[in-house]
Amino acid sequence: MSGGYETDTVTRLDTNLDDSSPEILGATMDKLLAAGALDVWFTPIHMKKNRPAVMLSVLCEVGHVEPMADIIFRETSAFGLRTEQIVRLKLERRFEKVQTEFGEVIVKLGLKNGEVVQAAPEFESCRAVSEKSGQPLRAIYEAATRSWHRK
Amino acid sequence: MSGGYETDTVTRLDTNLDDSSPEILGATMDKLLAAGALDVWFTPIHMKKNRPAVMLSVLCEVGHVEPMADIIFRETSAFGLRTEQIVRLKLERRFEKVQTEFGEVIVKLGLKNGEVVQAAPEFESCRAVSEKSGQPLRAIYEAATRSWHRK
Amino acid sequence: MSGGYETDTVTRLDTNLDDSSPEILGATMDKLLAAGALDVWFTPIHMKKNRPAVMLSVLCEVGHVEPMADIIFRETSAFGLRTEQIVRLKLERRFEKVQTEFGEVIVKLGLKNGEVVQAAPEFESCRAVSEKSGQPLRAIYEAATRSWHRK
Amino acid sequence: MSGGYETDTVTRLDTNLDDSSPEILGATMDKLLAAGALDVWFTPIHMKKNRPAVMLSVLCEVGHVEPMADIIFRETSAFGLRTEQIVRLKLERRFEKVQTEFGEVIVKLGLKNGEVVQAAPEFESCRAVSEKSGQPLRAIYEAATRSWHRK
Amino acid sequence: MSGGYETDTVTRLDTNLDDSSPEILGATMDKLLAAGALDVWFTPIHMKKNRPAVMLSVLCEVGHVEPMADIIFRETSAFGLRTEQIVRLKLERRFEKVQTEFGEVIVKLGLKNGEVVQAAPEFESCRAVSEKSGQPLRAIYEAATRSWHRK
Amino acid sequence: MSGGYETDTVTRLDTNLDDSSPEILGATMDKLLAAGALDVWFTPIHMKKNRPAVMLSVLCEVGHVEPMADIIFRETSAFGLRTEQIVRLKLERRFEKVQTEFGEVIVKLGLKNGEVVQAAPEFESCRAVSEKSGQPLRAIYEAATRSWHRK
């Protein structure tokens, strides 16, 4: 705990890729997430010799580096990875259901010292309701936010 | 000190944001700077599910993490932050005034082992002179650089 | 035809978005593609008031602007769209099947004046073979490229 | 009118800048907006010789190109500008006031064929209420959205 | 002429690339410039299926589209290109030599109605002087700017 | 060694630059690489006051920080640098020559526990063969990949 926030330690992996195609990288993101990565993202970077390249970043459990590295070396053109230990500060998470005029939605809550400081409609439950009801996704978000506030 | 450079240790906070709007993020940058952040910046990133997202980064004093985190959790949709300790290498800073044909400008100097290795006109003083004189901002920069070199 | 290339005219739609969240935008991309957009992409841009914003771009048939616009106005926070007529230069496309040691893959061919100038393994057929065979995606690409060259 | 949308024609100016500093460009954005630009934005681009450069884009009235060009040539390092005529598709705009528990907020409405298809709290009125009430900006947005829906 | 500015018409080519590697793209930029492209640049974009892709843009003479297209189809994975006619607004260009304490530098001048509104040290001549003198590149820029102002 | 991968520790230097021009930065990249940097890259970032800025990152040997810092402070407008120690996970590298129908190419191999898991044609040897043979660069890559697979 640090000032009311939960903490944990995770590993961030970064690698600069200048000879992988975006098609391959998009598919690699899916494989890393399926294998348990906590988060995966790409950052556009400029590398030497005018290369419009990409940095692949992965957040994973500290003991989970090797399977992540195996995927990256297997799927992409990487010859090396950079690793760093990262301390995360986190809100405590809780999930609640709210009723909206379009259907039931899950709201993700973030708590500090037991107090709710963050409330966000959960994407996949909103998408499911949006598809079923034919309403725009953001109409579902707004309806879920209104329902949460009424409680 | 490290090879003639001053050093200090600061904290970098990073968080990947895929459900905050840019309007909110622009205003959050101002709040973080007003609350004492040493630097705040955004990096465009690609997150899962085709999200054109943003990484918010904050540099702050080591003992200043909690108030920064409080602002981020309050203003944005973050549920967690990554923290790292960073060692900075710095030039010693000094400020001098120079006279230009358009008005007085502050020049920011950077020193290594007592020797000036960096001299840059200070933005806000240039802007003030630019507005008063009606000259383009870069004309003020160039005039300040010339004045500094004449000394 | 222009110098051996096929041509057609399509419409490009652009809109700068500074108050839509990336979660919403990722889902909007899928809806536009499902509704017949020829291509959809996001470009990171910097807008006023320090907003790390996104430009949404859509390529569509000339007569298809209104349904695309309807989706954008319904799903995102846009109040306006920019439209431009674009002349495309295209290779003639043909698809062929090749046998690899891992399974059958489709190769997309691009022709100019009847001559093949472009040959690229087709992503979804490579992905299917990759999943079935357990081989990395790029191993399938390379195998398909080799098979194509042997022909 | 095009399919229920209003249309107008405006000019887009683009210039690739590889020898202007970001400090100068940030100030140029303000000057262009103050002089009547409809929109101004920056796109990160990669130019030759490994230059991490910036494309400055301005949207302006068709008859307003010369004053915009004068500012760009005066403030930045540009030697040329690209100009294109752009047809915009627009929602009809209307502004309404809503009462929230934190104060009065303006909501920007977008209409197609007289029907409201877009409703967004207006940034500056939200910011004013946020500052006066001490509530986070997005709390004001959500309150304004709720108030609008109750009407 | 438009309001004191020279004008001409050129063609812009754009293509979204999601299966070319950055190594190939960097080399393609050089080939396009060597073949007479007026400008070449890359923009990072997000394409479908989580692809961190690149838009390649080329500016060329109106009658020069086919050789540019031939290079792009030959060197990259493109199957199509978008073309647009662009009207450029330009300063008249003139080159002058200035003497600095480190050597002779070329200054590129931009004129409107015969009046100098832009003066920029020319990169390659600065680089040559920087290498010969061992001074930092920006010291040469500043010296050239000072020399130009003394004239 | 970590799970079959080699490891080493290197230093990453980062600095946010909002008053250096891209022309200067492109040349600085070359100087850092010539002075022994392991890697150099730029990331587009958004800094305060609407500045479309650049983060310069350098990877270097741990004992090599000061000469890198000297170049950065001398060539760019930086007043400070952030430094972090990074543990790298690496494949063992080996180089082999392959014969293609267009000439001899070097292939870079990556090994884990003595087994080849990565094989990539080496850029400069491909470029040399491409220039000599007049074939597109990617034709050389594909030929080298085919030759490697035949072995």
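Going in written order, the chains are labelled A, B, C, D, E and F, and every chain counts its residues from 1.
FYI, a contact is a pair of C-beta atoms (placed from the backbone, for glycine too) under 8 Å apart; a residue touches a chain by one contact, two chains touch by 3 or more.
Treat the numbers as computed from the prediction; the structure is a model and nothing was measured.
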Is the contact between subunit B and subunit C built from the same residue numbers on each copy (over half shared) or from different ones (under half shared)? same
Chain pair with the higher count of C-beta pairs in contact (C-D, A-D): C-D
In terms of residue-numbered contact pairs, which of B-D, A-B or C-F coincides with B-F for over half of them? A-B
Averaging over Cα atoms per chain, report the distance between subunit D and subunit E in Å. 28
Just give me the whole-number Å value for how far the CA centre of subunit E lies from that of subunit F. 24
What's the distance between the Cα centroids of subunit A and subunit E, rounded to whole Å? 38
When you check subunit F against every other chain, which residues touch at least two of them? 19-20, 23, 27, 29, 42-44, 46-50, 52-53, 74, 77, 84, 123
The subunit A residues in contact with subunit C across the complex are 20, 23-24, 27-28, 44, 74-77, 123, 127, 130, 136-138, 141
Once bound in the complex, which stretches of subunit D touch subunit F? 17-23, 25-27, 29-30, 42, 44, 47, 49-54, 77
Can you list the residues on subunit B that touch subunit F in the complex? 2-5, 10, 12, 29, 33, 39-44, 59, 84, 86-91, 93, 108, 110, 112, 117-118, 120, 123
Touching subunit B in the complex: which residues of subunit F? 13, 16, 19, 43-49, 53, 55, 65-66, 69, 73-74, 77-84
Residues of subunit C defined as touching subunit F within the complex: 44, 46, 48-50, 52, 142, 145-146, 149
